[in-house]
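Okay, so chain A shows up in both of these, paired with chain B first and chain C after.
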Partner chain A sequence: MTAAAPLGRRRSLPAWALGLAGLAALMAVVEIAPRAGLVNERFLPPFSRMISSLADQAGTSGFWGALLETLRGWALGLAIAMAAGVALGLVIGAVPLLRSATAGAIEFLRPIPSVALIPLAVLLYGTQMRATLLLVVYASFWQVLVQVLYGVRDVDPVARETARSYRFRPLTRVRTVLWPTALPYVMTGFRLGAAVALILEITGELVIGSPGLGRQIAVAQTSGAVAAMYALVIVVGVMGVAVNTAARATERRVLRWHPSVRGEVPA
Partner chain B sequence: MTRLRAALAAASVLLLAACGSGQGSSDASDKGPTSVKVDVIPIIDVAPVYLGNQKGFFAEQQLKLQMVTAQGGAAIVPAVVSGQVDFGFSNYTSLIIARSKGLPLKVVAPGAASTGKQRKDFGGVVVKANSPIKTAKDLVGKRVAVNTLNNINDTTVRASIRAAGGDATNVKFTELAFPDMLAALDKGNVDAVQVVEPFLTTGQKNGGRLVASNYVDTAPDLTIAAYFTSQKTASAKPELVKRFTAAMQKSLQYAQAHPDEVRKVLGTYTKIDPSLTGSLILPAYPAQVNAASVQTLADLAVKDGLIKKAPDVQDLLP
Partner chain C sequence: MLWRVVLPLVLPVVLVAAWWAATADSTDFFWPPLSDILGTFPDTWFSGRFTADVLPSLVRLGAGYLLALVLGVGLGVAIGSSRPLRALLEPVLEFFRAIPAPVLVPILMLFAGIGNGMKVLVIISGCLWPVLLNTVEGVRGLDEVLRDTARCYRMRRGSRLVHLVLRGASPQIAAGARQALSIGIILMVISEMFAASNGVGFTIIQFQRSFSIPQMWSGIILLGLIGIALSAAFQAVESWALRWYTGLRRSQREGQR
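So, the complex of A and B:
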C-alpha cells in the first residue's frame, strides 16, 4: 500500500533510497573515523570489524538464544501491557467516577521512570526474566492506558447518547461505540508501547542481567570485547527498526477503514 | 471482519499473558538432583563454578546448577537475601559492609584471592606509559579510578599507598566501570586506574604501566571474594548448603590445579578475546578463606570510614 508521493518532491529520490543513503554514510563514517585515527580504534573499532564480530557471533547458539529471549520478553511484556491497558482504559474511561478517582494516581505513577523500579524488580523477582518483564510491562502499560483514556474521551457525544437511548447493553456499547473510536488511539498506544517495551527489555537485561541480548552486551563489555559489544548494539538497533516497521504495518492494517489511513477526504 | 480480527487479537493477547504466568510458576523441583540458583558476575573470578559444573562436581552432590548473572553485587545481595537465588558471589568488603548493616548473610565458600605475587596479580593500578607516577606513593593527590567507591578497590589502593609511605587520605577516587577505565586513562580524565583482568593485560599491552599490585600490598594472600547465602537458606536447608560447599571446594581445588582448563572455560561464559586468555593473570582459587586477610579488610573498612564498627570476622567465615 504505497501512499501517493507528495507533490513537489516527485523528482527527488524516494524516501527509502534517501534513508539507505544516510545509513550508508553513517557506516562509512564509523569505518573511516577509527582508521583515520580520529577516534581510538581500541574503543570504537571500524564498522567492518563490528560486522565480522557479528558474523562470528551469529554462528553461535548463544546469540540466537539471547535474541529469542529478548523477543520473548518484549512480546510478552507488550502483550500484558496491551491487555491490561486496553481493559483498564475502557473501564476507567467509560466510568466518569472512576476516571476522576484514578486521575491523580495515574498522573503520579506514569512519570516514574521504569529504570527507577529496578531495585524493586530485583527484590521481587531476582535477576530472572520476570524482573525485566515487570519493567517492560510498567513502561509500556502507561503508554497504552493513557492513549485508551484519550480515545474513550473522544467518543462522539451524539453517538454515545444514541446508544444509550437505544438501551444498548454495556458490552454492545463498548463494541459499537467505544471501541471503533478508541481503536486509532489504541494503535498509537501499541506503536509507542512496542518501542518503549523494547527499550526497557534491553535496559533490564543490561542492568539486571536477565537473559537476552542486553546481557550479552554487558558480558561483552565486562570481557573487554569492544567489537562484539558494538555488534550486539547494531543488532538491537536493527530490532528497533523492525519493531517500529512492524508496529506501523499493523496499525495500517487494523485501521485500514479509518479516514487517517484511507487517505481520503473524511466524510 | 475487522471486529472479529480485533477480538481474536485481544484473545490471543490474553492467551499469551496466561501462558507467561503459567510458565513463570513452574519451577517444579524434581525427585532427582536439586536445582540450585547461583548468581554471579561474569568475570574471571567465578571460573571455578563453571569449570566445576562442567566437570560434574555439582552433579556428584546431586546439585543441578542454574547460573544467573548480574552486573554487580548491588543486584546479587538483594536477590540472595530475598531468596530469589540460593547462592551469590561478592567481594569481601561488600560482605563486611552488608554484615555490619545487619543483613542476614552467610559465607559458604571462598571465591577468589590475590595471587600474592607482586606485579603478577590479577588486579593492579595502571598509569599511562609517560606518566610521572612511578610507585603507589606517587598516587597521592592524583585522580584514581575505581569501579565502586567506598569498597574493596579504593580501600586496597589506599593500603597500597600507606605501604609505600604516602598520605592515603589525599587521593581523589573517581567511580568508573572497569570497561570504561582504559578509555578514561587514555583521554587523561584520570591519572591512574585500578583494573582487574582482562583489562589489566589489555591496558599493559597498549602501553599502560603497572605501578602497584594493590591486593598484594594489602595483605598476604588476600581473599577477595566469596560465595554466600542468606541465613534463612543456611538454617532452612543446611544439607543443601553443605553439598554446595563441598562441590565448590572441589571446583576451587580443581581450578587452582588446572589453570589451562580455567582459561578454556572462560570462553563459555565471557566474550574475552581468545587470543588474550592465554596471557591473562588468573586469580588464586583458594579452598580456604584467609581469615587474617578478611580481618585486614574489615579494619580497612573502619579506617577508611566505610563502616563504623567492624563486624565479627568469625561470622564472615564459611
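So, the complex of A and C:
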C-alpha cells in the first residue's frame, strides 16, 4: 500500500467529509422514506418534523428543566460511584489478603444486572430522583471498581519494593506508587462509568418515571407525540456522544504525562 | 489448587451471611428476612412460572442475542474491510451506539407492537452496536503481514474470511459479545417491564405493584443468578473459542521475559 495504489485512484475525500456525508445521508433517508410512503408516517415522521418539534420544545422551560435533571442525576451518580469505587479499590489494593479474596469474587458478583434493582428502588424511593440515582451508582460503581482493581494489580513489583525499602509511609506509598500506576485504569473506569451512568439515568427515568429526559420520552410516547419522542431520542443520542467525547478528552488531559497518551502524538 | 477455587467464593458467602444476619429478625416491611425470601423462592419460581415466565424470557434473549451477533459480525466485517465505508458510517454508528438502548423500546413498540417480535427487536437493536463496532475495530487491526501473506498465497475469499479475518478479529469480537450480553439481559428485563403478559421482568413488576415483597426479592435474586449463570456460560464458550489466543499471549509474554 505504498506508492502504487494512490496513483491509479482518484484522490479520496478526507475522512471527516465522508463522515458528514454519512450523517447527511441518514437524515435524507429519514426525511424521504416516510414522505415517499415507504414507512408509515405515524411510526417514523420525516426528519424535518422531528427537528421542528425539537425547536418547539427548546422554547419550553420543561425541556430545559428535564435536561438539567438528567445531567444532574448523571453527574451526581457518577461522582458517588467514582469516589466509592476509587476509595474501595485502593483499600483493597493496599491489603494483599483482601486483594486475593476479591480477585475472583468481583467477577462473580458483577454480572448481577442493574435493572434487577428497579423494583427495589421504586419501593424505597417512589418516583423521586433518588430511585434512579441508586441504579446509576450501582451500575457505574462496578465499572470503576473493576478498573481500579486492575490498576492496583498492575503496580511494578520493583517500585513497590523500593518504596518499602525506603520506608515510605502508607499514605505516601499510595500517593507515589499506587495512584500513578492506577490512574490510567481509573480514567478508563471513568470513561466506561460515564457512559453506563447516562444509560442507567435515562433508563431509570423512562421506566421508573423520575424527572428527566427519559420521563419526557415516556410522556411523549403515551400521548402519541411521535415526532416529539423522536426529537427527544435524538437529544439523548447527542448527549451520549457528548459524554463519550468529553470523557475521552478528560482522560487524555489527565493522562497527558503518561506514555500511552504521549506516544499517540505523531512525532 | 483447591484454595484457588474456594477463595473467590469466600467474599460472596460472607456477603450473603451478612445479609442473612442483618435481616434475621427484621420486621421492616421492605427488608424481609433472607430466610423468608429463600423460603418463597421455590414456590414462586418453580411451580409453573419457570416454563411460563422464565423460559420465554430466556428464549427471547437467546434469539435476539444470536441474531445480533450474526448481524454485527457480518456488517462489521463488511464495514471494517472497506476504508471509505468506514469513514462514511463511523459518525452514524457512534451516534446509534450513544443512544441508550432502552429508549428504543417506545420507538420499536410503534413498529412491532408489544409482542415477542418487539422484544427480540429491542434486544437486537441494543446488542448490535458493541458487536458491530468491536468487529470493525478487530478487522481494522488485523496484522498487515498476515493479510499480505494470505494474499501472496492466493487464499480464496472464503478461507481468507474464516482463517484470517474472523479468526484475527475474534478476540475483539468476543469483547464486544461480552458487552452485548449484559446489555441484552438489561433489555430483556426492560422490554418486559414496559409491556408484556409474561416474562421475568413483568412478573417482578407485578410483585412490586402488589407489594409481595419477599416474592419481589426472590425475583431480584433470580435475575442475579441468571446474570451470573449466563456470564459463566459465556466465559466457558469464550475460553474454548479463544484458546489459541490465550495460549499465544502467554507464550509471547513468557518469551519477552
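The definition used in the following text is that the second predicted complex is superposed on the first by the 242 of 267 C-alpha atoms of A that agree within 3 Å, B and C clash if a C-alpha of one lies under 4 Å from a C-alpha of the other, contacts with A are read in each partner's own complex, and residues count from 1 in each chain.
The definition used in the following text is that contacts are C-beta pairs under 8 Å (C-beta built on N, C-alpha and C of every residue); 3 or more make two chains touch, one makes a residue touch a chain.
The model shown is predicted, which means the values in this text are computed figures rather than measured ones.
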Which of chain B and chain C A:119 touches, first, second, both or neither: both
Chain B versus chain C as contact partner of A:219, first or second or both or neither: first
Partner chain in contact with A:203 - chain B first, chain C second, else both or neither: second
First (chain B), second (chain C), both or neither touched by A:158: neither
First (chain B), second (chain C), both or neither touched by A:43: both
Touching partner for A:97 - first (chain B), second (chain C), both, neither: neither
First (chain B), second (chain C), both or neither touched by A:228: first
First, second, both or neither for A:171, with chain B first and chain C second: neither
Greater chain A contact set [chain C / chain B]: C
Chain C-contacting residues of chain A that also contact chain B: 42-43, 119, 122-124, 206-207, 218, 221, 229
Residues of chain A that touch chain C when the two form their complex: 12-13, 15, 18-23, 25-26, 42-44, 100-120, 122-124, 195, 198-199, 202-203, 206-207, 214, 217-218, 221, 226, 229-230, 233, 236-241, 243-244
Sites on chain A touched by chain B in the complex: 40, 42-43, 75-76, 79-80, 82-83, 86, 119, 122-128, 130, 133, 175, 179, 183, 206-209, 215-216, 218-225, 228-229, 254, 257
Partner chain A, residues of chain C touching it in the complex: 7-12, 15, 30, 84, 87-92, 94-107, 109-111, 182, 185-186, 189-190, 193-194, 201, 204-205, 207-208, 213, 216-217, 219-220, 223-224, 226-228, 230-231
In the complex with chain A, residue positions of chain B that touch it: 2-3, 5-6, 9-10, 13-14, 16-17, 20, 24, 37, 39, 41-43, 68-71, 75-76, 78-79, 82, 84-85, 177-179, 182-183, 186, 198-199, 202, 206, 269-273, 276
